[in-house]
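Shared chain: chain A. Partners: chain B in the first complex, chain C in the second.
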Partner chain A sequence: MTRNSATVSLPNAPSIQWFLPLIWIALLAMCIVGMPLLEGLFRWVEPDARQVVYDRAAFYELLGRHVLVVSVAAVVTIAVGVAAGIAVTRERGRDFLPLVGQLASLGQTFPPVAVLALAVPVLGFGTLPIIVALMLYGLLPIVRNTLAGINDVDATIKEAAQAMGMTSWQVLRHVELPLAAPVILAGVRTSVTINIATAALGATVGASNLGDPIIAGIVNGNMAYVLQGALLIALLALSADSAFNVYQQRLRQRLSAS
Partner chain B sequence: MIELSHVSKQFGDDTAVEDITLRVAKGKFCALVGTSGCGKSTTLRMINRLIEHSSGDIILDGQAIEQYDPVKLRRRIGYVIQSTGLFPHWNVARNIGLVPRLLKWPATEITARVEELMGVLGLPVGEFAHKYPHQLSGGQAQRVGVARALAADPDILLMDEPFGALDPITREKLQDELAKLQARLHKTIVFVTHDMDEALKLADHLVVMRDGRIVQQGTPLALLQRPADPFVESLLGGLERGLKQAALTRVKDHMTSLGPTLPAQSRIPADFSLRQALSMMLRDHCDRLTVVDQGDVPIGELSLRRIVKEAQLDKVSQRDA
Partner chain C sequence: MSLIDALPSPSFKRRPWHPNVVLLCLSGAMLAAAWLLSFVSVAPNRIVSGTAFGMVDAISWPGAALVSLLFIAMAALSSVPTSRHYRAMLGIIILILLLMPFGLMVAGHWLVDPSLPQARLGIGAAYWTVLFVLLLCLVELRLRLGLSRWWPTLLLAGVGIAWWGCAALWLDRLALVQEFQAREGQFYQAVGQHIALVGTAVGVSVVLGMLLAMLMRRYQRLQKIAFTLLNFLQTIPSLALFGLLLAPLAWLAANVPPLAALGVSGIGNAPALIALIAYSLLPMVRNTYIALEEVSAETLQAAKAMGMRTGQRFWQVRFPLALPVLLEGVRITAVQAIGLTAVAALIGAGGLGTFIFQGLGQAAMDMVLLGALPILILALIVDAGLGALADALRPGGQE
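Moving on to the complex of A and B:
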């Protein structure tokens, strides 16, 4: 089975497993609430600016919208990506396998900025264009891993399942998907993590989120704003990534045989 | 009962199996033997429609297999493969209970059946029910594979080199157990193997295949006595053929009543094979053995001279026939 090389193997004890994600989440929460307390630090970065802590919107509001946009995009991408992956690994859909693979690759090679630029005239300013851009950008890892995960399921196990009298739906539901789950989850993890960073672009088309301080900072030449946005986005990405990691480890433990 | 008549299978331009005609009566053990790529596995997999045959008829209990729904057909045919094909994410009990669950048996019946089978196959429930396939040895995993195939009590069992990946000692043990199981359950078994000794040991009916065709079929003894061509003869072990034949013959069929002479020192149980008797004669440097029953009471005598003579007579009667 394909393993994600970035996976750090952690000890089995659940309390220790959850240690890392909880630290990241705690740090994120502390920064959201306590950003004004770091004013001294940011003043040192931008001694001449009138304002050094971004205050056009509350950080928790920006975080909420950021999480919402990424989540909506992720849910749609997972649904579409996994469904496409399943469809082209069925006997009837095999012919479309190369096509789907290429389409997903195309989605990722197409720069999200360009997607935004093209989407705004059609969809207008706001949240919708960034969700579309994130969906296209995040599709590839999910499709690719769904294909790899399902194709890597031992053919003799699938054949045995069929020979025992499982219908093709039962083989998919009880054999292929459970055995492919860790690999599919690795794809979801990659997709969500890169999209947390990419979502910041939404600020350029009026979708207010943690990208706002960064864009405002660039426009006003205020590096302190940029740092605040980047810091929060990085902490959010690390929180999500390490939480996925724990979940992935658990799935793998249950499937340690395969 | 399974009947194949003039069955062929083409993959594109390649003919994998050609004109196979074969009949396995209910409760009989049929072994398909041949070198790899001879079409024996393909033949097996056509019976449960994992592969659809191209021409000819495959009849199961009087009905052509095309008339069965493939899913329902497979649920009434047990299937065992070399790599076991156990689900790695399911524990032993759940793996064994697969087909009964597909057939929607009540949960209590499934549990009872799983525990019964684990007992039959020598897998203590307390120790194994909650283990996962990767925690089992090869022999244990294959026992689970056999239990899974037997779970819904199918009449027919298809086995594709089930013991091929096991070490010789475990393999022999499982062969013995399968023979015992078959003596009790009387399943209709089609068993694919490239191991002629395994086939000779287990089968009622032996089918030798080569290049997709049947070269010869018959009882193991018939094949040993009269191999159709040099290929079958070489599969049967060439010069070893005499010993293999002796392995299929019981001591009691060649013994004579106790004579007036002194009983021989070495004793052999009546249900041992002639091959074991010959081996004992070589070991103990003697040409006579005392045959004993299960209670170690002498019931007859076996002499080397007589064994050789009777083997000659067999040959003569064959030539005359």
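Moving on to the complex of A and C:
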């Protein structure tokens, strides 16, 4: 099986793999730049409104802030989640394993709106509360998958690595993490995709991002605004999801090839 | 390996010291939080943010000493982990939980000026941190003692009732209680609406989800289409789906009188319910499908060999065996729906989210708490309750 999958990956395979995410990203870019050109379409949706294209902020600016919020939350979540997952699977941290598992699933029980509302009194209005809410909400998939990925590594492989004279750090770095990487990446993918949609909630506490047109649309009864926000967020989520998909497949190919 | 290594070596060392590091750390964290973070805050009225007070200011030296002593006792008990010590720690945790409202009472007595009728007491960061860490301690103790999920839930329910009594009788200076008293009727109505919306959405999606999952098992082609569609639905932010349903439903209500008579309108329950059901379908269908597929083929074959008919095999073998995983789906769906219903308040569906968004609009954080806390508690109760039910229904009893 290993040989076969190695020969399947032809030299030009990567460019074909990137086809789908590139289409989504191109669509997203086209919508960002060309939203005013679609005015006729939105006029048809909302014939009576004074204005049909959201213009309180440029779309690329909203997109930039949306991506920024999600990436900051993702970077922190990945760092904390993977570190916690590694720490509790070591010999010394094993005592914490059940608690961390329970804690991560407890985090998913807290509804993001409630976390957002509770974070506002402490952190004030703006971008910070939504980042905290996203971090808490996105932690579970990453911690769960890191634990699963590392625990699933065959004990005999680890023993073999130790017998070869590897230190425990080397075993982690060169054996456990590479073997667990596809599972961890799947967790990151779930976490980021969910958070791109959830970040829109930040608009209710004054963080300006792609949720802004949606809130403005709901408040003013303007469907065109809601559509624009929803379209851009869905495209962003699909771009990220398909990009992760490609990366995951390449990782898997490399693992089975070597 | 030399021969010396292979021989059993006599041990001169004493048995190494094995404290429960987790509980030791948690106790230390609570002690630090109680001393370093703000204990309570006092505000002259509803909008102004209060001034924070530390533990010694709030409950004076004897109170602070008692609190510290309890945390130190927990740390001491966790350094020699035996089953009896764990039980003692459980007792201390309950004691701390029961003492918490008394701390607030004392602080209210000392710090709030009785001549200002609008003055109110806010709960500080130390309280929330200690409460959260105590919850973690309970989780850890439950795992160590191997208790079922019912016990902590029952204990916490008892503590909750005690708090409710204290709040109703003596804690009228607390900001949260004042907010509650100002809109008591509204609060109960909102809780009722919230539960009704979640219940309806979950109920409908359980039935629809099971039907869909069974259809998928029969028609394989449907499976791919349905999962693609439901996955795509999840990428649309809940906020947008609520918003997008406003226009078509308003149009329907205006142009189809029978629907309007049924209560369908652009704003309110109808779009909220449709969106909630749409979001609930994916976890429900996925878990039902997996649950029904995972039942082992050998068991089913044995049932067939015993002469069971198709219907009997489904209802007496496949379904009961699938039930725990299916309930897991209901749990995920219900917890998710409780959070989403809060967002539905933005389109006029009512529920506890109303308080959150009104409070955010008025910058009245205690009102936000009045909405957010019950949502959180509701989510935790549903999570624990359905989790315990799934455990109990697992073949062979509890895990």
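Note that in this section the second predicted complex is superposed on the first by the 244 of 258 C-alpha atoms of A that agree within 3 Å, B and C clash if a C-alpha of one lies under 4 Å from a C-alpha of the other, contacts with A are read in each partner's own complex, and residues count from 1 in each chain.
FYI, contacts are C-beta pairs under 8 Å (C-beta built on N, C-alpha and C of every residue); 3 or more make two chains touch, one makes a residue touch a chain.
What you see is a predicted model; the values in this text were computed from it and never measured.
Colleague: Which one hits more chain A residues, chain B or chain C?
Modeller: Per-residue touch count on chain A favours C.
Colleague: Given the touch rule stated above, what does A:80 touch, chain B (first), chain C (second), both, or neither?
Modeller: A:80: touches no partner chain.
Colleague: Just chain B (first), just chain C (second), both, or neither: which does A:166 touch?
Modeller: After superposing on A, A:166 lies in contact with chain B but is clear of chain C.
Colleague: For A:156, select first, second, both or neither according to whether it touches chain B, chain C, the two together, or no partner.
Modeller: A:156: touches chain B, not chain C.
Colleague: Quick check on the superposed pair: does A:178 touch chain B, chain C, both, or neither? Answer first, second, both or neither.
Modeller: first
Colleague: Which of the two partners, first being chain B and second being chain C, lies in contact with A:226: first, second, both, or neither?
Modeller: second
Colleague: With the two complexes superposed on chain A, say which partner A:238 touches: chain B (first), chain C (second), both, or neither.
Modeller: second
Colleague: Could you give the residue numbers on chain A that contact chain B in one complex and chain C in the other?
Modeller: Looking at chain A, the two contact sets are disjoint.
Colleague: Quick check on the complex: what are the chain B residues that touch chain A?
Modeller: Residues in contact with chain A: 48, 50, 71-75, 79, 81, 83-89, 98-99, 102, 132-134, 148.
Colleague: Per the contact definition, I'd like the list of chain A residues that touch chain C in the complex.
Modeller: Against chain C, chain A makes touches at 45, 95-96, 98-99, 102-103, 106, 108-114, 117-118, 120-122, 193-194, 196-198, 200-201, 203-205, 211, 214-215, 217-218, 221, 223, 226-227, 229-230, 233-234, 237-238, 241.
Colleague: Across the complex, what residues on chain C touch chain A?
Modeller: Chain C reaches chain A through residues 20-22, 125, 135-136, 139-140, 143, 232, 234-244, 246-247, 335, 338-340, 342-343, 346-347, 353, 356-357, 359-360, 365, 368-369, 371-373, 375-376, 379-380, 383.
Colleague: What residues of chain A sit close enough to touch chain B in their complex?
Modeller: 154, 156-157, 159-167, 170, 174-175, 178-179, 254-258
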